[in-house]
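What follows is subunit A paired twice: with subunit B in the first complex and subunit C in the second.
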Partner chain A sequence: MIHFILLFSRQGKLRLQKWYTTLPDKEKKKIIREIIQIILSRNQKTSSFVDWKDLKLVYKRYASLYFCCAIEDQDNELLTLEVVHRYVELLDRYFGNVCELDIIFNFEKAYFILDEFIIGGEVQETSKKTAVKAIEDSDMLQETVEEYMNKPAF
Partner chain B sequence: MPAVSKGDGMRGLAVFISDIRNCKSKEAEIKRINKELANIRSKFKGDKALDGYSKKKYVCKLLFIFLLGHDIDFGHMEAVNLLSSNRYTEKQIGYLFISVLVNSNSELIRLINNAIKNDLASRNPTFMGLALHCIANVGSREMAEAFAGEIPKILVAGDTMDSVKQSAALCLLRLYRTSPDLVPMGDWTSRVVHLLNDQHLGVVTAATSLITTLAQKNPEEFKTSVSLAVSRLSRIVTSASTDLQDYTYYFVPAPWLSVKLLRLLQCYPPPEDPAVRGRLTECLETILNKAQEPPKSKKVQHSNAKNAVLFEAISLIIHHDSEPNLLVRACNQLGQFLQHRETNLRYLALESMCTLASSEFSHEAVKTHIETVINALKTERDVSVRQRAVDLLYAMCDRSNAQQIVAEMLNYLETADYSIREEIVLKVAILAEKYAVDYTWYVDTILNLIRIAGDYVSEEVWYRVIQIVINRDDVQGYAAKTVFEALQAPACHENLVKVGGYILGEFGNLIAGDPRSSPLIQFNLLHSKFHLCSVPTRALLLSTYIKFVNLFPEIKTTIQDVLRSDSQLKNADVELQQRAVEYLRLSTIASTDILATVLEEMPPFPERESSILAKLKKKKGPGTVTDLEEIKKERSSDMNGSAEPASVNASVVSTPSPSADLLGLGAAPVTNSAPPPSSSGSLLVDVFSDSASAVAPLAPGSDDNFARFVCKNNGVLFENQLLQIGLKSEFRQNLGRMFIFYGNKTSTQFLNFTPTVICSDDLQSSLNLQTKPVDPTVDGGAQVQQVVNIECVSDFMEAPILNIQFRYGGTFQNLSVKLPITLNKFFQPTEMSSQDFFQRWKQLSNPKQEVQNIFKAKHPMDAEITKAKIIGFGSALLEEVDPNPANFVGAGIIHTKTTQIGCLLRLEPNLQAQMYRLTLRTSKEAVSQRLCELLSEQF
Partner chain C sequence: MPAPIRLRELIRTIRTARTQAEEREMIQKECAAIRSSFREEDNTYRCRNVAKLLYMHMLGYPAHFGQLECLKLIASQKFTDKRIGYLGAMLLLDERQDVHLLMTNCIKNDLNHSTQYVQGLALCTLGCMGSSEMCRDLAGEVEKLLKTSNSYLRKKAALCAVHVIRKVPELMEMFLPATKNLLNEKNHGVLHTSVVLLTEMCERSPDMLAHFRKLVPQLVRILKNLIMSGYSPEHDVSGISDPFLQVRILRLLRILGRNDDDSSEAMNDILAQVATNTETSKNVGNAILYETVLTIMDIKSESGLRVLAINILGRFLLNNDKNIRYVALTSLLKTVQTDHNAVQRHRSTIVDCLKDLDVSIKRRAMELSFALVNGNNVRGMMKELLYFLDSCEPEFKADCASGIFLAAEKYAPSKRWHIDTIMRVLTTAGSYVRDDAVPNLIQLITNSVEMHAYTVQRLYKAILGDYSQQPLVQVASWCIGEYGDLLVSGQCEEEEPIQVTEDEVLDILESVLISNMSASVTRGYALTAIMKLSTRFTCTVNRIKKVVSIYGSSIDVELQQRAVEYNALFKKYDHMRPALLERMPVMEKVTTNGPAEIVQTNGETETAVLETKPPPSGLQPANQANDLLDLLGGSDITPVIPTAPTSKPATAGGELLDLLGDLNLTGSPVSAPAPQIAQPPFLLDGLTTQPLFNDIAAGIPSITAYNKNGLKIDFTFERSNTNPSVTVITIQASNSTELEMTDFVFQAAVPKTFQLQLLSPSSSVIPAFNSGTITQVIKVLNPQKQQLRMRIKLTYNHKGSAMQDLAEVNNFPPQSWQ
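Our next item is the complex of A and B:
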């Protein structure tokens, strides 16, 4: 089971956090700081796996963003890398050539997409078509650019 | 401005995020956030009712602020309001806010649960999905209480949409993980198992996760899932890469589902039904075969997914540990990966091989890769990978390669990363001890450890080396000489001073004959380090000095001068001061005899589980130290008491903690050695009045008792203040019967009294033991009896463990002793003439058949007692066979169910040197070895 997923930039800015175990906020903040520091300090060409406490961190960098999952000892590391990749593909499919800015400005969508893919730390739906369809259903009320610009700015 | 806005975008939110990103400083950011919080607060408080869109936007802004790391203390109510909106996007934001900012505010929880209930009942699959996601994300006990009964119904209902089933399965899994007691098993479980047959692969994927977790806790209930999982797996691995359409991932058919099915199968032993078993073996072979096929794509996703399935299959093969052919194939496959250019694969291959090393079928195959692994240790650039290489070397270590592996680890230690040094130190210490054939090698290794990585040598490690040196008289002289030499280094680690001080204090006399290490030189050497050491070390050195007073009367005055100096007698540290005062007084008042008694050499430490091993386990967590022998040891790790600390110090544990053994020297000699003559008793009590009560009296260790039973069958095996265990046993051919008597020495009842005889896996296959449970209540003063029927199937090394647990008063008692069922019990004596004896002796001259041990006499060398012991050992004592009448020879046959093994033995005493030489020749190396070990302990 995945215990949590963190997305952060090369500068160490957290972009998304998803927790599948219940922890106090203080503890979460501590963990986030610690893990970002561990991963950013690793060289390139190292393996994608780091032992961390009794969990294992599996991470991969896509452009400027790091994706990091904490999994249990008996979980499959390689497949966790592909969980990350599949999530990136889902984001890509939804945003069209996803970049870090998309995730900053549409963070809520990034969470929704993740929820369609993973629940309670386990993969729910591995079919790209099905997962993306679920999200697009929710966007049925597409709006035009004019409608968007007419909304109040705050 | 954002590059993209999709769906129901919120312009105000986008502007706010832009503003935050444009802030030049942390202060500016906080200022902007406070402005926004004030704005949102006023909107929420304003009298004008907000429309859904605005509410959604503000709630979303709050969420963003929270995710930036700021506290949010309002807006929960507005988020809850959004839950009952009919607009999907509003509802969605409401749920997201609740999921991220869980609040245990009871009023709110009730409202949230209400909204969830409505959505679950709505029959609108998207709404149901949102509600289920929320339950799974929050996963609190309150949620479990409210919905754990409802979700199984949704999961197995015939008309539930597939996507909802998937969410329901994983939602239930989350609740089961947090509150298993609230998820009752029931009719639904059998229907859940049949979801493995569902047409929709997404449903199967989600259901498999749920079933795996449930099956781990309730294996019986989910047993039928095995055959279903095998047939599902078989259909996947044999399908063409396009058959599964969207569930094919980079040409690999349903990798997630395959891995989950393989995980599920790891909850069970190999299938009993031969057809299912055959089909599974086929699947595993197919997966192994596919690894050899050329890749269908050059993309890393293809190889990752394919190898993910392969590694999971190998895990299953290792878990079953029953098909030598598959195990060896798995090992070869991993061997290929060890040299792969992908770091990830090398990492995983090392990790996987580590578990493979503990299987008897593949241990040898793993060992063939030793050079590659050592090379990895030297050349890998990634510390994670090197760490795995260390783990693997540790796992593949056995008697044949221990010297090489320990040497390589020591080498690596010089440059190892700080993060893993302590662990390597522990591993080296364990291996050196476990596989020491020659204890001088052991001593060298540990001293090297201290030299190379002294800061990482924990107390357990140096305690252990001292225990071993004390217990093995063949290495004491060497140890004294070696530490003496090591201490010559101008800068040596404090841990070395500790070990050196302790060992010289005990055995300095063994090297004092050499003028280069005369008593005075030894003392001056130690004292030259004194002032650089910490207080505990100085305290230890003071104890060494007083021991020197006894060992070397000629330097007594020098030592007294040191003890008398102001820096000692008036030391600011109370412990040092006390020791100096007491030791000085002791050396002045006590007669030589009393000194000799009080400061006698430390008695051997009782054997027990290595505290280093315990430490390594604690460090790595249970289950990660994968080694056959350790798994066995783990089962008996209660040897030193229970997990409940109350009883540890109370009465069960008969040995003081290692720190008391070693550092409490001031008190230890009094309690550990034989009681001094009563006339001087009061004087001693005066001298030590403060510290004498600090250490509990040392009851005899269970190992000593165990050794006593090698040559006899009846007696008391164990006794403490609460309990006495007596034994009576008889053996004939390969069968035996043992009566165990448990006596309650107190006047209070023992409750839940459960004695269990535990055999390791190895032992189980060679020794058949049958016991009946005893009455769980033992009245005060009463005795209960338990019968053990014994059958020796084949020769064996270890002894079974007798574990006893019970409640006495309010405390839980837990203790373990070794049960003296030893190989020699199945001896039948054989009489033979001198000619016959030496003819057979010659026939057994293959070096593997002979085991010899030369050792120092532990007891007075009395010929009559020796004869009685050899007869008690079980062999015939052959008179007038050996040309030297001082020697003893014996002959007998060990009976096991499978074979009979002829054994010859010869014991040659050397009265002058107080030594024995014992030679065992049998047709089987392991038998010679074991008999020699057992008999050597007797003299």
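Our next item is the complex of A and C:
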């Protein structure tokens, strides 16, 4: 299973954190700092995998954002790269040419999309169409003071 | 009160902050506004406020005061509220929070909601972070949803069930009926999550595993359909249909086929098909191949299939993509034990990976290389590994050095090669060699009797230029001390003997002693070596005597003690000196740590055996030395020189001596184990129960210092007549209860006029029923001969609870301090 997913910028700012295990807040902060440092210090010529404690970190950079997943020993690293890629594709479909700013200003949507793709550290839906449709349908359900469908409700 | 600002507005504002302080100010202002808004119990804007709070939480600011608000949002009827509420719960309300359980009822209601998206939110939240209690309460609801025909909910329920099982494994049984026709689904989402659920159940329970084996044909069919079916736009990834599902099925097949011939056979064909037909141009195809290879290697596949798998890995190794190479090395490492010969064929590619720029690849290549060394390829492999040792990052050097030593010991084609290899490691990575390597190497050198002259010559030459690498210098000093006579007599057969005079040898040893780069331990080696040469050299004995006497007043306590003892050897025990400093006998072959125990032929038919020739009889120690060896126990490799009585008079203010060599300030509790003076295996180790003085003041009665709750601690005393300020107390802790005491820690504090040193205890477990004890040595310096008093603190675990006690020891016998 995936233990956690982190999205951070090239300057080391956290854009999203999803934890599928329970840890104290302090511990989480420490881990985040550590991992951001490890990954930002790796150069282009290295692989996308890092051994870290008893987990494997799989990371990939898309434009200015790093996507990092921590997986267990028996998980398939190459497939995890595909999982990360699929998430980016979902974001792209939803936002239309997604960029870091979209994720900054609509972070709650990024979480919603992630939650339609992964639950409890495991992939729940392998069809792009189905996942995005579920989010769009959910958006429709949102009651808004201003009746905008695509604009955020708050 | 004006409406709270919008989320995006806040984000925009915070991003304009130019400094951390400015940001903090903005955040604090907004938090205050949010807090007052919460207090007003405002329903309309609660959602907005919590969303803002979550943003600030992501920036690293505290957001706990929003926890209850999340609960209120979850309980709201509005979907927008619920969405944000559940998000907040997942971010702020993990199971460590007190209010976590308050969610249970809401989630239960929402699991039965009429809108599937609300049900989905509840399932997602439960499945990501539900506590064990919550899982127990709601498992029934999850099980119900697992049987629904709504695929949107069914897939989420399946993963929720996985989480429940992870948290509360006992509940696994209740999901069994629902799994009956999970695989009959057409919906890929449900299929995928079902396979995950089945995998989790099979991994946790052998009964489940046996039960689900019957699903193998069905799984094979599903996989086959995926591969054979035409293009399906919904699930396609670069021409491959639903790779996520394919990989999960392969993983489940692996678990089902393990150790089971029938299942393995049933999946043979499909594995071969996947292995040969999968497109390898993109990462996704390779991901599937990778999983296939892992499955083939783990089940009882036929040999043709295994060869196919290893060949795939071999191709991976040649791939330009680093990730693929990394994955290949990892898999090869897993299979090298079972399919050794097949992996050997790829040895040269693996060795090439040692030169890769990626650290993880290098590490795996190194581990794999060591696994592949055998008697046939040892020379070539060692060359590559030594080159690697030269050029690799420091984080590898220790492991590489240890690996080379191990491999060299197992497969050395000749003694000379072995010594040369060791020399090479010591000179290139000398400072990274592990501490335990030094005594092992010394033993090895001692046992290679015919190589002594060659070895000492090479070691001498090595430290002549540079004596900064401590392990190298230690080994060299030891050898020079032992075989210095061979060095100066130029007896080397293996290579051109060098001309060295006794003075030159002593020069280098003295340089080591003086050098700032030498560690205390190294200096000890050098001094002992110089001493030993007093019986091996003929012209320079006076020089040696001078050196030894100089160090009798060294600040370094260890050196001082040695020098003083050696001095005593010269003065009072000169007749014993030759016997005491005799050549070391060949030591019994002590097995090195760990892997040497495992019999590994590494793909050869005959194992290379290191021959140890019987030591020439002339080197057998004289009877006296033999007696010494017996007296002091056989487990030590080296014969121990007994300490001569300390003839150094106690100078005024014995504190200058710092006899206890420790930085502890009196009066403060000393935690055991105190930092011990590093003692190489030559002199008496403080852990033994040997008397530390030869002239023990006899007859000091022992006392029971503590006796409570079944824990009894006895003190026994030793004092020297010639140095009465020091009292050595040996504590013995015993346990008369019926359960053992673990993690036992003994701490002691003494009044200001005393100094205390605690040495390492013999262990931290006191067995029950008085069947064993923990011993520990305390040295007390009492120069003012004050009455000895001590406060002790005991901590240990007993019967599952942590125990702690403080006590004063006041019943010290007068003979122990007067």
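In this text, the second predicted complex is superposed on the first by the 140 of 154 C-alpha atoms of A that agree within 3 Å, B and C clash if a C-alpha of one lies under 4 Å from a C-alpha of the other, contacts with A are read in each partner's own complex, and residues count from 1 in each chain.
Definition applied: contacts are C-beta pairs under 8 Å (C-beta built on N, C-alpha and C of every residue); 3 or more make two chains touch, one makes a residue touch a chain.
Not measured: the values here are computed from a predicted model.
Novice: For A:Val50, is the partner it touches subunit B (first), subunit C (second), both, or none of the two (neither)?
Specialist: both
Novice: Is A:Thr130 in contact with subunit B, with subunit C, with both, or with neither (first, second, both, neither)?
Specialist: Both: A:Thr130 reaches subunit B and subunit C.
Novice: With the two structures laid over each other on chain A, which partner does A:Lys109 touch: subunit B (first), subunit C (second), both, or neither?
Specialist: first
Novice: Touch check for A:Cys99: first (subunit B), second (subunit C), both, or neither?
Specialist: A:Cys99: touches subunit B, not subunit C.
Novice: Could you say whether A:Pro24 touches subunit B, subunit C, both of them, or neither, answering first, second, both or neither?
Specialist: It touches subunit C, and subunit B stays clear.
Novice: Under the contact definition given at the top, report the residues of subunit A touching subunit B in one complex and subunit C in the other.
Specialist: Dual-contact residues (subunit A): 14, 17, 20, 22, 29, 45-51, 74, 76-79, 81-82, 86, 104-105, 107-108, 111-112, 115, 119-120, 122-130, 134, 137-138, 141-143, 152-154.
Novice: What residues of subunit C sit close enough to touch subunit A in their complex?
Specialist: Its residues touching subunit A are 6-8, 11-12, 15, 44, 47-48, 51, 54-55, 58-60, 78-80, 83-84, 87, 90, 94-96, 115, 117, 120, 123-124, 127-129, 152, 155-156, 159-160, 162-163, 166, 188-189, 192-193, 196, 234-235, 237, 242-245, 247, 251, 283-284, 286-287, 290-291, 322-327, 357-361, 363.
Novice: Would you tell me which residues of subunit A are touching subunit C in their complex?
Specialist: 14-17, 19-20, 22, 24, 29, 45-51, 74, 76-79, 81-83, 86, 104-105, 107-108, 111-112, 115, 119-120, 122-130, 134, 137-138, 141-145, 152-154
Novice: How about subunit B: which of its residues touch subunit A in the complex?
Specialist: The contact residues of subunit B facing subunit A are 2-12, 14-17, 21, 36, 39, 53, 60, 63-64, 67, 69, 88-89, 92-93, 96, 100, 102, 126, 129, 132-133, 136-137, 139-140, 163, 166-167, 170-171, 173-174, 177-178, 201-202, 205-206, 209, 246-247, 249, 254-257, 259, 263, 301, 304-305, 307-308, 311-312, 315, 343-344, 346-348, 381-385, 387, 621, 623-624.
Novice: Which part of subunit A faces subunit B closely enough to touch in the complex?
Specialist: Answer in residue numbers: 1, 14, 17, 20, 22, 29, 42-43, 45-51, 54, 73-74, 76-79, 81-82, 85-86, 94-96, 99, 101-102, 104-109, 111-112, 115, 119-130, 134, 137-139, 141-143, 148-149, 151-154.
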